[in-house]
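Same chain, two partners: chain A is paired with chain B first, then with chain C.
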Partner chain A sequence: MNLSNHIPILIIAIPLLAAFLVPLIGRINKKATGILTTLALSVSLILTIVLAVKILTVGPQVYVFGATSPSLTLPSGLKFPIRIMLQIDAMGIFMGLITAVVSFVGAVYSLIFMKQHSGLDKYYSLLLLLTVGVFGMEFTGDVFNFFVFLEIASIASVALISFRGIDLGEPAEAGFKYMVVSSISALVVLFAVGIFYGQYDLLNFAALASVIKYSQLDKIALGLLIPVLAMKAGAVPMHMWTPDAYSEAPAPITMMLVAASQASLYALFRVVFSLYNISLNVLTVGWIIIIFGLLSMFIGVTMAIIQKDIKRLMAYHAISQTGYMFLGVGVGLAVLANPVALNQYGITAMEGGIFHIMNHAMYKGLLFLTAGALFFRTGTKNLDKMGGLAHSMKYTTIFFIIGAAAIAGLPPFNGFASKILIYESVYRFNPLLSIIAMVVSILTLASFVKVFHSAFLGPKLPQFKEVKEVPRSMVFAMAVLSCIIIFFGLFPDLIVKNLVHPAVMSLIEQFKYTGTVLGGM
Partner chain B sequence: MKEMSRIVKTVTNFVYGFIIIFGFYIIAHGHLTPGGGFQGGAVVGSAFALLLISYGSLNSKKFLKKDILSLFEGFGLILFIVLGFSGLGITFFYNFLANSGGWFGNAAVIGVNPGNMNTGGVIPLMNIAVGLEVLSAFGVIVLTMASAAEFTKKKENS
Partner chain C sequence: MLGLLETGSGFWSAIIWIVVVLVIGSIVIYIRNKGEDSYKKNTEQDKPFISGNPEKSKENSHLSASHIYWGLTEALKGYYNPLVKMHTGNINDYSGWIIVITAIILIMVGVSG
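This part shows the complex of A and B:
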């Protein structure tokens, strides 16, 4: 048995096994649940890195369930794949790396952060299931299974959002809101899958992409898929669930929710680029995505400025940053049919947008964790009640500065690297878009200066005399993310060349994606 | 939740066993007839709901223990994922028992056949695992809903 062929499934199956083991282990020893979760997710992280190296050197990987060989996509001379399969290209593993890092850090952070809560076996079980769902959405090569994994991730996150207590009211409301949003989106995705299946008798992404004709029904399916996936990603006209869900969930879960909404964003890009690609009316769809991005950027940041709840403020910033990804990739899509413009600035814009996904997951995760650390020690999320915490929480202050500088796009940090790619390339497409993006970035900085001032600066408050630095495992979790942020900020060319560029090319070149399943077509 | 009249309880006594047997029949024949683990498990779960409604939540807690049901739930899930892992010599979820001649390993006859139970490889085993999971999960859900109803009633009364 050669385990190296089975890495794609092991990344998903090991957290799944751990998710089922956790409730049983929890009967014997409550503490072991968190350790088991961390172990399973660290194995998954290591396997994801191994797989990433393999994909970036060898090429896209497929894994066929239940076949006689993991790479047997077309058994006995069939023209189309019949089995369920995972199909991971550079873009999929790029998202997978984000999920692996974020879930591992979240589990480490949870070890102490969630210690006082009851029902921890359920918490860790759901955390693992959420990770499984997000991995599955990113790795699957099958539209129906995308729906299945979307449901797994949604149900797990609904329970996790309201984990702080049904009787508290607000977490229950946030969970209910997210439940409504995700059931609607899952049903609509299922309807779109039904449209594809009814027309082509196919469910495989690659096989569908090779036959799709952009008929009237395909247009309906696209019109159904884009809004619901944008809704799950938290783009502006459909963003009402984001502030509630992000602010009410426990901090490590908020970080995972960011990764989960980015998986929906990934699915949107996958549908638009890998499924429809050039058959699409790219200029119109590109502009629709750009407008989603503009609205999200601007409304997100203006709503964030007036917030007093620290996590709610960060949640609105998450909406605003999602806008940058939409903007970058939307510009790339708008010029997809024009090879000259695509080479001049389209690819760069997409690199900016895609790189921003990873950067955003890292610094937004870090910011949510610092907000969680403040809540852990002070017991409040209200900025008006905080103050002078820099005296007692030195590490948290440093991590907050790193995160805030990165989200505002200040030079030595990773947010700058992806934002400059977006500004420069989008300027050549339409200068106005680039100017709006810069204004939004300035407003982001203003808003975080406010947070920094009201939470950390000032004299030591008497009610926070007892406040200490957070425990070591929480500091470790935040330090991991900070190191990644600084590394990406210092060597952006290394990341863009080795990780981001292959991801963008595998989105643009549709045949690369379909070819791995269907052979040399 | 109070217990219901004697008529309801007597009818429950009659049909309870039959519903459970029917549920297990659907689970065990999942690979041959319509239905399967989930559907059979739901049928057994409905028997639990019947018991709870007719005997009231206090009495039925003597027969249905949430703790034991959630233990079975875990076992069902682990059995399923272990069956997936045990195909890993070839691929995940590979049906390594099919056509092997042993348990559930007989080859299915092509065309009209009497519906041999002994076919399907790991699929009947997976149906059993899913059935175990679903029936105990249904039990847990029904019991949780009953205790939540009691809780709200107490809150309203006080």
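This part shows the complex of A and C:
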């Protein structure tokens, strides 16, 4: 048996197995739960990197459950795949790498951050299940299992958002709100799956893509999938759950929630590009996504400016940054049927949007971790009550500066690299869109100057005289993300050429996606 | 060249940017170090100018988050008031927005063909 053929399923199975082992281990040794989780996620991270190398050198990978060979998509005599399968191309593994890094860093950070809480076996078990759900959403090759993994991720998220305790009220309320919006989205996704299955007797993404006719029913399915997936990604005006959930969840979980939201965004892109592609009216759907982007960018950042709770402020920025991804990819979609425009600026716009997904996961993750570090030491999320913390939390201050500069799109950090790709390409599609994107970046900088001033600058306040830097494992987690941000900022060409461009092309070239499963149909 | 990102309309290189910043920064530091001839140390020139108001204690002089950009938000009241009102925190409204947007998108996708 060649183990390397089983890497796709091992990436999901290892954290899944660990999720069930953690409560058992917790009965013997509470401390071991965190270590086991970190170990499981570090193995997943290594396997994801190995799989990424394989995909980027050899090509997309398929893993068929229950087949005599994991790559046997069509047993003899069958025209369409009937088995459950994972289908991982450059876009899928791009998202998988984000999930693997974020979940590993989140687990390391949790080791000390969550130490004072009870029920840690449940916490780590849910963290692993959330990771499983997000990986599954990114790797699955069929629409029904996308729904299953979406549900796994949502249920784990609800429990994790409420984890700080039902007696506190607010975390429970945030968890309840997330449960309602997640249930709506899951039911709508299931309804769309039913539409596809009812028409084509198929659930496999690639097989569906090869037969889809863009009938009236397909239009209804598309019209249902776009808003609910955009809502799960935090698009305005369906974003209101985001500040509630992001601000109440523990900091490492908020970072994971960002990755989970991006998995929904990925699913939206997968649906419009890999499933429908040019069969749909790309200009209309492209503009729908662009408008989501504009609203999210502008309303997100303007709402952030007036926040006093540091995590709510950052949550609104997460919404705003998601707008850039919508904008870049939306422009690519709008010109998908126009090969000249696609080559001139459409592909670059998509590269900017897709690159921004990874950059955002890194710097927003880092910013949420710095907010967690401030909460860990001061016990408050209220910026009005903070001040002068740079005196005693020097590493956290440096990490915050790196994250803030990156999100504001300041060179030489990674946020600038993806934003410049978006500005310059979107400008050629519609200059106004690009100008709005730049204004939003300036407002983002203004907002983070406010946070920096109110939390870190000023004299050392008497109530924080005893405050000191956070423990090493938390510093390590923030340092890992900072290093990635700096590396991506200094050498963006390496990332765009080797990871982002293949991911964009795997979205655009639908025939390659279907061909991987159906053998060149 | 390593670090050179093609943007479609030009290129971006963080390495070149850092070199340029270092060169300009060195020139600025050189000019600053040359000093100002009229400056006299340990005179009233060293004292902060605070418009004749009595100086507050260090701990009380910190400007809190609520006060920052007060003027901006006050000037944009017409924009902010309805926007903040929209964020009710009520889950019924959250669900309502999903339904409204779904309906709009269904119409757009249906009509556009």
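The rule is short, and it goes like this: the second predicted complex is superposed on the first by the 521 of 521 C-alpha atoms of A that agree within 3 Å, B and C clash if a C-alpha of one lies under 4 Å from a C-alpha of the other, contacts with A are read in each partner's own complex, and residues count from 1 in each chain.
Methods note: contacts are C-beta pairs under 8 Å (C-beta built on N, C-alpha and C of every residue); 3 or more make two chains touch, one makes a residue touch a chain.
Fair warning: this is a prediction, and the values are worked out from it, not measured in the lab.
S.K.: Does chain B (first) or chain C (second) touch A:69, or do both, or does neither?
M.R.: Only chain B is touched by A:69; chain C is not.
S.K.: Per the contact definition in the header, classify A:122: touching chain B only (first), chain C only (second), both, or neither.
M.R.: After superposing on A, A:122 lies clear of both chain B and chain C.
S.K.: Check whether A:24 is in contact with chain B, with chain C, with both or with neither, and answer first, second, both or neither.
M.R.: Once the two structures are laid over each other on A, A:24 reaches chain B alone.
S.K.: Is A:238 touching anything from chain B or chain C once the two structures are fitted on A? First, second, both or neither.
M.R.: Second partner only.
S.K.: Applying the document's definition of touching, compare chain B and chain C: which contacts more of chain A?
M.R.: C
S.K.: For A:391 in the superposed arrangement: first (chain B), second (chain C), both or neither?
M.R.: neither
S.K.: Look at A:461 in the shared chain and tell me whether it touches chain B only, chain C only, both, or neither; answer first, second, both or neither.
M.R.: So A:461 only meets chain C here.
S.K.: Counting only touches as set out at the top, which of chain B and chain C does A:420 meet: first, second, both, neither?
M.R.: second
S.K.: Once the two structures are superposed, pull the chain A residues common to the chain B and chain C interfaces.
M.R.: none
S.K.: Which of the residues in chain B come into contact with chain A in the complex?
M.R.: 70-71, 73-75, 77-78, 81-82, 84-85, 87-95
S.K.: Using the touch definition up top, name the residues of chain A that touch chain C in the complex.
M.R.: 176-177, 180-181, 184-185, 188, 216, 219-220, 222-224, 226-228, 230-231, 237-238, 240-241, 244, 280-281, 283-285, 288, 299, 302-303, 305-306, 308, 344-345, 348, 383-388, 411-412, 416-417, 420-421, 424-425, 427-428, 446, 450-451, 453-454, 457-459, 461-462, 489-494, 496
S.K.: Would you pull the chain A residues touching chain B in the complex into a rising list?
M.R.: The touching residues are 1, 6, 9, 13, 16-17, 20-21, 23-24, 27, 63-70.
S.K.: Residue numbers of chain C touching chain A in their complex, please.
M.R.: It is residues 2-10, 12, 14-15, 17-18, 58-59, 61-66, 68-69, 72-73, 76, 79-80, 83-84, 86-87, 89, 91, 93-95, 97-98, 101-102, 105-106, 108-110, 112-113 of chain C that touch chain A.
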